[in-house]
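Okay, structure first, notes after.
Just so it is clear, A, B, C and D label the chains in written order, and each chain counts residues from 1 on its own.
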Amino acid sequence: MSKLCSLKEAISNYVHDGDTVYCAGFTHLIPFAAGHEIIRQGRRDLTLARATPDLIYDQMVAAGCAKKLIFSYIGNPGVGSLRIVREQLESGQLAWEEYSHFGMIARLQAGAAGLPFASMNQTAAPDLEKNNPNYRRVKDPYTGREVVTLPPLTPDVGIIHVQRADAKGNAHIWGIIGEQKEVAFASKNVIITAEEIVDEDIIRSDPNRTLIPELIVKAVCLVPHCSHPSYTQGYSDRDNSFYLNWDKISEDPAAVKAWLDEWVYGVKDAEEYWQKLGAETHKRLAVKPKFAAPVNYGDY
Amino acid sequence: MSKLCSLKEAISNYVHDGDTVYCAGFTHLIPFAAGHEIIRQGRRDLTLARATPDLIYDQMVAAGCAKKLIFSYIGNPGVGSLRIVREQLESGQLAWEEYSHFGMIARLQAGAAGLPFASMNQTAAPDLEKNNPNYRRVKDPYTGREVVTLPPLTPDVGIIHVQRADAKGNAHIWGIIGEQKEVAFASKNVIITAEEIVDEDIIRSDPNRTLIPELIVKAVCLVPHCSHPSYTQGYSDRDNSFYLNWDKISEDPAAVKAWLDEWVYGVKDAEEYWQKLGAETHKRLAVKPKFAAPVNYGDY
Amino acid sequence: MDQPTSPQYTASELMCVNAARLLRDGDVVFVGVGLPNLACNLARRTHAPNLQMIYEAGVIGARPSKLPLSIGDPTLVSGASSVCGMYDIFTLYLQRGNVDVGFLGGAQIDRFGNINATVIGDYAHPKVRLPGSGGSQEMGGWANRNYIITPHQKRRFPEKVDYITSAGFLGGRKQREATGVRGGGPLVVVTNLGLLEPDENGELMLTALHPGCTVEQVKDNTGWDIKIASTVKETLPLKSSELTLLREELDPEGIYLKGS
Amino acid sequence: MDQPTSPQYTASELMCVNAARLLRDGDVVFVGVGLPNLACNLARRTHAPNLQMIYEAGVIGARPSKLPLSIGDPTLVSGASSVCGMYDIFTLYLQRGNVDVGFLGGAQIDRFGNINATVIGDYAHPKVRLPGSGGSQEMGGWANRNYIITPHQKRRFPEKVDYITSAGFLGGRKQREATGVRGGGPLVVVTNLGLLEPDENGELMLTALHPGCTVEQVKDNTGWDIKIASTVKETLPLKSSELTLLREELDPEGIYLKGS
């Protein structure tokens, strides 16, 4: 049963005001086009969860989509501060829940695994536990020592960009795989955006590469270049100059508004956004191919 | 730094009387040749841990290597009973510790993750918990409901057969990957046996395929056909007729002794064992190639 | 064993077809080798083309080109949609609630659908040591629905099992519910005589007979005074198309279907 | 900032080379971007060819062909020995004890080596909201050894941090030990003036000065009355081969090494 639809339809069907949304991807495969579509559709009061909010949440927060942020590191990776998010946190406009990376990922893992809590060893650093009541403790029943716990995180919607998927949602991912698998299994609704939709025989020729199986996927959208200015291993390079540029744009609310008007509200979809970036950018972000060594599964 | 050595050296250096040994692999990639080498070297009082003891532990128990078994399913997969193990359990000759598959794997995962205990939801089935004091409970600090716990399993030695590894121990595995990763990270000493030793460029061309990294590996042994009568995806078929045959051999202690004399004590190593199987068996277990779809990592 | 089936088909074929009919299109099924595997493949080739088969070894969406002997055969991997580790199978799939159906079997099934696959006699001093749980403890607890396939024999249906490997309804439906376990427990037991289903208290009750089988046969082959539903249905006769599929395509060598 | 380094090299180069020298061949290092990344690559090209670099994004044994801007750049993956998910990185590697060295930095480091990378002012009403932990809370707890790299400035070295993101020795070595945490805590703080090491109580103490730097400079740029070791060593001068490697091969555009 095909789950193919446009990204517009997928966001319209599965992302609702007030939802907790997790746009997955640690630096790699960040589904920017999905964030932009959420902005265009004017979603409000979202709780945005991501280990690293990255520019995608800076933009969504700037556009007024969010009431709360769940995160473990707020920065413009490799550049510095995430200005809009930071300002809204400092001014109290945006509610937040904070974890370490491990706490964030452990919450997702517990959600994905159907466990009532995640367990972690103590780190000796007291202040996250002190400031976030979700941190609790249980006694290890074998040694009597205390272990730190967190409740599962089960987002309403998980959005995951992948290199290739079949029409049912079986998806191959390679390169950095951060928290994609955990987000997919933890979320109540999973939207897959893919660089390529391929015949299921391609997926089934290498089942160990399938990080996300069809049975947890609600919608599959063909969205090439969805991850710009982040990247897709093998398909595009990271647009570091955009990350550097955003550092300047985001200093000035007027510049941010102008950017959103031009690059989000002013374009119809990801394809128009990509074309608008122009041939020079396309060329700059193109990547020469380099293939993995062949793998023989055998004809059984 | 190369860790290449013969299987004989690896067993001699890293498997000691009284150790807890985990020969990994759920049906697939079972390192039979390593079990046979342990028999040849006359190890005693081992605690043998495996989800499914399979024929490898039936043979090691028959040869007198084991004092205790840790398991979650004792059978000759697809055939029926595991006769020698079963007899020794029924007669009280062999001590045992029993889990469900999930309990077994969860113990390994906790060991691999450096956690003091594994957490599992209740299954409503009371009798494993009743009969094994390692099963305990903690209260979920969020809902107050009870969760079942088990302590980590950290074998002294984990032995893992792989399709290909480099000389330092970075290993690619595909096909069924049961508990290999968890055994590797849980064990204090890891021995890799490989169908092929390849240049590290092969491994590094596809890092997502690397299930086991060099930094936890002690020894790397080139042992083609190590898994017979189990199989290696892409390299050989499962020797189902051997599994059916063992059902008959293992009915009779004299036949078992004769088999061990001929096929374990009577051969020098895995290579001689394989040659002794003969051309017809080699042909029967050969597999036509079928390759995974290409994967482009890009030249960054 | 009392042999109730007509000479046109074996008891195994009868159970297999009736088990297949219980599956719904789109079900995610945790599959064991043997009859459950055949039943799933039959359902997939007939009324349930979108059935998703999962194997505890870590295989999702398997499409075996031949009948696998073991639960971890390479033919399960070739053409599967996904392969993952066993920890993932038991957490992301089973514990998370992503498995609709589990098939169970065992040496003993009791009045409340509890299953023993571990030991006959005392656990510490076993008279007969059976294989043990494997994945069935969690399957019995966490699959949304469980189906049990087993020949109808008195020794297989004692009033109380020696050991509970997989939970049915324990001492009654409320006892299972009190544990807070997520799955719904056994829904149907398929035997070579008919179908048993739990009543409101979780006690197994005869609800259907296969063509030619009788209530007396069921009573004679059950270890307790089994309840009989007020209306006992008759299962549909096996279709020749079902038998042809089973015999000629799914188990041509008769590994699981031959004999009784 | 007081500029103690000679015109032949920048403060960043000085810190980078001294950090590299702390690494041992075969160390497994949890690497951040920036100076730690440069220090590791320098060590790998000089005295520690078997250094294993791990990135929190899930990359093991990276061999970046160019300087990555972010901690998740594609060049980290190409040619790496292994890639895994972040859950695995924090469990199988860091929590399990497979990481020898963690590099830390932050806005504030206090008398007992505690680090603040989270907030200046009150947590609930931040004066300056910093990035937060990322992976550094666990790195500070669980890496066998931690090294801190930071410029020596009074505001960066308060007597007590506003918030503890990564544990140093808390209020003293015994307090850290009482938590039962596995890692050994900060071993050395590398600044542009010299090296600080914890004394038997976990209090940071000046143990070495870079060539040309003075105890006075250290005292003037530290927010508490810092202890001075009875013998203050002098660090070895930077070798021209080290600087050449850094400038010409590792950071040819001077992204991290330029400026101060």
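We adopt the following convention: a contact is a pair of C-beta atoms (placed from the backbone, for glycine too) under 8 Å apart; a residue touches a chain by one contact, two chains touch by 3 or more.
Since the structure is predicted, the reported quantities are computational estimates derived from the model, not experimental observations.
Peer 1: So which has more C-beta pairs touching, A-C or B-C?
Peer 2: Between A-C and B-C, contacts are more numerous in B-C.
Peer 1: Would you kindly tell me how far, in whole Å, the mean C-alpha position of chain C lies from that of chain B?
Peer 2: 29
Peer 1: Measuring centre to centre with CA averages, how many angstrom lie between chain C and chain D?
Peer 2: 58
Peer 1: Quick check: how many Å separate the C-alpha centres of chain A and chain C?
Peer 2: 40
Peer 1: Calculate how many whole Å lie between the centre of chain A and the centre of chain B, each centre taken as the average of the chain's C-alpha atoms.
Peer 2: Roughly 37 Å, centre to centre.
Peer 1: Which chain D residues sit where two or more other chains touch them?
Peer 2: Expected reply: 59, 73-74, 77-78, 83, 95, 182.
Peer 1: At least two partner chains per residue is the criterion; list those residues in chain A.
Peer 2: In chain A, residues 114-115, 120-121, 145, 174-175, 177, 181, 208, 233, 237, 287, 290, 297-300 touch at least two other chains, as defined above.
Peer 1: Draw the chains as points, connect those that touch, then say whether the picture is a line, ring, star, complete or other.
Peer 2: other
Peer 1: Could you please write down every pair of chains that are in touch?
Peer 2: Every touching chain pair, ordered by label, is A-B, A-C, A-D, B-C, B-D.
Peer 1: Could you please specify the touching residues of chain A with respect to chain C in the complex?
Peer 2: 1, 112-115, 170, 181, 185, 200, 203-204, 207-208, 210, 213-216, 297-300
Peer 1: What residues on chain C touch chain B, complex-wise?
Peer 2: 33, 56-59, 68-74, 76-78, 83-87, 90, 94-95, 114, 118, 123-129, 131-138, 140-142, 163-167, 170, 176, 179-182
Peer 1: Please output the residues of chain A touching chain D within their complex, sorted ascending.
Peer 2: 26-28, 51-52, 71-75, 77-79, 81-82, 86, 89-90, 92, 98-103, 105-106, 108-109, 120-128, 131, 145, 174-182, 231, 233, 237-238, 240, 243, 287, 290
Peer 1: Which bits of chain D are touching chain B when the two form their complex?
Peer 2: Answer in residue numbers: 26, 28, 50, 52, 59-61, 63, 65-66, 73-75, 77-83, 91-92, 95-98, 182.
Peer 1: How about chain B: which of its residues touch chain A in the complex?
Peer 2: My answer: residues 114-117, 119-121, 136-143, 145, 147, 149, 151, 172, 174-175, 177, 198, 202, 205-206, 208-209, 233-235, 237, 287-300.
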